[in-house]
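Letters are used for the chains, namely A, B and C, taken in the order the chains are written, and counting of residues starts over at 1 for each.
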Amino acid sequence: MFTSHLAASIGMWIAGLLTLMIFSFLYKDNPFYKFAEHLFVGVSAAYWMVVGFWTTLVPNLIAQLWPSHMGNFVPSAVGRRPDIWYVIPLVFGILMLMRLSPKANWFSRWAMAFVIGFAAGTNFTRYIQSDFVSQIYSSIEPLYTRGLSVMGTIGDVFSKVIIVGGLLSALIYFYFSKEHKGTFGRAARLGIWVLMAAFGATFGYTVMARISLLTGRMDFLIKWIGGIFT
Amino acid sequence: MGDAETKLTLIEKLGRVDRRIVFLVMGLAVLIPLLVHYTTMIPASPIVQNMFDKVESLPPGAKVLISFDYGPSTAPENQPMATSITRHCLEKGLRIYMISLWATGPRQAMELIDEVIKPEFPNTKDGVDWVHLGFKAGGQGLINTLLADFRAMYTTDVNGVSVDKIPMMEGVKSLKDLDLIYCIGSGQPGNKEWIQFAGDPGHIPVGGGTTAVMAPQLYPYYPKQTVGLLGGLQGAAEYEAALIARYPKYKDMSRVASEKMGPQVSAHLVIAAFIILGNVTFLIERRRRRKA
Amino acid sequence: MFIPHDPFFDMDRKFSIYYDVIAVFAFILGGGNLLRVHLNKVYQKRTDWKYSIVTVAGFFLMLIAGLFKLGVHAYVQEGVQFSRWAADFQGTESLFKYLYDCTFQPLQSTMFSLLAFFVASASYRAFRAKTLEATILLIAAFVILIRPTPLGYYLTFWLPDQLSFLKVGNLSTWILAVPNMVGQRAIMIGIALGIVSTSMRLILGIERGYLGGES
């Protein structure tokens, strides 16, 4: 039923009209935009709930606790033994939902504590390794690389000096426990210049990203409107 | 004196154009190249070429995990990346394992299967050459789990077939059994989490593509922690160019990224013109104020 | 994480799975909270309460279509009959997929694409070379922007080989690989130190803000 030609045409019209409603905001805020915006909020919340339910809750919780009853939903669960340890996430999950109750919302702190504690523990080691030690290791490289031309060597040495000097200067800028005066202040200023170059690159790429998204929507509108006239 | 005053007023006017005119110019800058099918090819930059070379170096039968960590909002940037890497992998006879850390990822994977894998590689089989395992919640927690025990979370593929019955899942017990993790990301969780929770602790090669917004932030990981990176639509177009250079047959197939670079180029020129215009009017007004 | 041996290794694996499952309950919590806020708004007839009806209607339509797998049929695989409840809830024939394709996908894509217009407006109105720092930012952004364009090619194609590093393409690559990388790395190290110190405070019980205050 939902794959028929008529359904596809209706769907295309709904998508096209919703697209134009969102674009109408560019002129000014209006009821059509508000309608589309509120619809988006409701639909996306339900989408995440449904996807989470069928992809994780059913196969990775309910089917683990009651595999014999879940044969219709998860055929591969038939014949498996119940894993009683999954009561733990079930209990924590229900405690998490207590947050909706004004009187019982303090129960959710237990679930939050587990989630926050787990995240803190894993982040602690991962960020130290990937975003601290590895980054310092990657920054300290031999100044001279063999096999390059004269200009290549000059450029390479220059780049490596910028990498080490720029990194130290930028880190000095982030150190606010000492006043940025004198040599320390000059180093911090150099750090700001390096950060500005990074922000400029980020801005350039951000522009590119936004334009890509607009191109996608324009392409859709061309196909939709073109389809009406052909 | 009168002409100078008129000229200055014109400068002032140019510096205060209504934003709706700016929006209109921007819209036309994107629309017109799409209507005239203006295409441009961009040669691969070193960071993209490295990614290409890594995939190219893998032997037939090597296992590549592609994580679809994006949704329809960034599909114009990310989907061309998925298309290129899939073509490259299947061309080389690599095995593709498709998963997702985002709930919206599986739809993008299905789109890839329907629009690229089935029509262009009809001899490949689901479960033998490629498999779609779908989405699981948890983000970095999921990656952590998969690094230790892949089958603890993925018990079936999206069609409900048990992983024990899928031929290409044989021998895959954790992420460490894979030869490359390729993340197509657009935020969190994404490329960073794959590097932090899989690449570094598991010593597994990680690479991929990301939206242009995220790309500059991932440069610190290159080249030691990520083998390469495709940044935005431009990165996708560069990978397409590298693929065509190595496998010319793809020149006649749809090259979405290269085709979409046309509007990208014209829009960039418009933005550059706006920046120049804004700064010229600003400098002239500032000089006038100082004289006054 | 510090002790990669049993029973801690097994605990790490199990806790990762529990974290993943609890994350789904957070989605359900989000949906429930959304309903509570908007139903309250409708009940109390606050500003724009009529739009809240749209939100709630869209929410229930999507939820019912997905939870009850409307439109999905039983199927046969390798000679075995499976019920519709085992089928993919996002299958081609499902109402959930249909609603996703004609509402969620275009709405989300278009919302994000609006930003292109605002970026253009911001470039024109706010991007000014007022200070040396702003000028550096402007130059870096400008070089990155013109790299894929004919302007970027024609501005510097005439430079001799000895000065090829000043060609826009090479300059853009260098800006990304050196100053941008350095700046991002410095921010990354700063964030890593912040996360490590916050994680320590959480683990030691010094930081309890996530519990929502004393009671």
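Worth a mention:
Note that in this section a contact is a pair of C-beta atoms (placed from the backbone, for glycine too) under 8 Å apart; a residue touches a chain by one contact, two chains touch by 3 or more.
Note that the coordinates shown come from a computational prediction; the quantities given were computed from them, not determined experimentally.
Compared on C-beta pairs in contact, A-C and A-B come out with A-C as the pair having more.
Distance from chain A peaks, on a Cα-centroid basis, for B.
Between the Cα centres of chain A and chain B there is a gap of 14 Å. With centres set at the average Cα position, the gap from chain A to chain C is 3 Å. Shown for chain C are the residues that touch two or more other chains, namely 16-17, 19-21, 23-24, 27, 82, 86, 90, 97, 100, 104-106, 108-109, 111-112, 116-117, 119, 123, 138, 141-142, 145, 176-177, 180-181, 184-185, 188. Touching of two or more other chains is recorded for residues 26, 47-48, 51-52, 56, 60, 74-75, 118-119, 122-123, 127, 131, 135, 138, 198, 201-202, 205-208, 211, 213-214, 216 of chain A. Each of the following residues of chain B touches two or more other chains: 23, 26-27, 30, 73-76, 136-138, 141, 144, 153, 160-161, 216-217, 220, 234, 264, 267-268, 271. Interface residues of chain B, counted against chain A in their complex, comprise 20, 23, 26-27, 30-31, 34-35, 73-77, 103-104, 134-138, 140-141, 144, 153, 155-156, 160-162, 164, 195-197, 199-201, 211-213, 215-217, 220-221, 224-225, 231-234, 260, 263-264, 267-268, 271. Of all the residues in chain C, the ones that touch chain B in their complex are 9, 12-13, 16-17, 19-21, 23-24, 27, 77, 82, 86-88, 90, 97, 100, 104-106, 108-109, 111-112, 116-117, 119-121, 123-125, 127-130, 138, 141-142, 145-151, 173, 176-177, 180-181, 184-185, 188. Within the complex, the chain C residues that touch chain A are 1-2, 14-34, 36, 38, 48, 51-52, 54-63, 66-67, 71, 82-83, 85-86, 89-90, 92-117, 119, 123, 132-134, 136-145, 162, 165, 174-193, 195-196, 198-200, 202-203, 210-212, 215.
Residue ranges of chain A in contact with chain C, taken from their complex: 1-3, 7, 10-12, 14-16, 18-19, 22-23, 25-26, 34-54, 56-57, 60-61, 72-75, 85-86, 88-90, 92-94, 96-97, 99-100, 106, 109, 111-125, 127-128, 131-132, 135-136, 138-139, 151, 155, 159, 162-163, 166-167, 170-171, 173-174, 191-208, 210-211, 213-214, 216-217, 220. By the touch criterion stated above, chain B contacts chain C in their complex at residues 17, 19, 22-23, 25-27, 30, 40, 42, 45-47, 71-76, 106-107, 110, 136-139, 141-142, 144-145, 148-149, 152-153, 158-161, 216-220, 222, 234, 261, 264-265, 267-272, 274-275, 277-279, 282-283.
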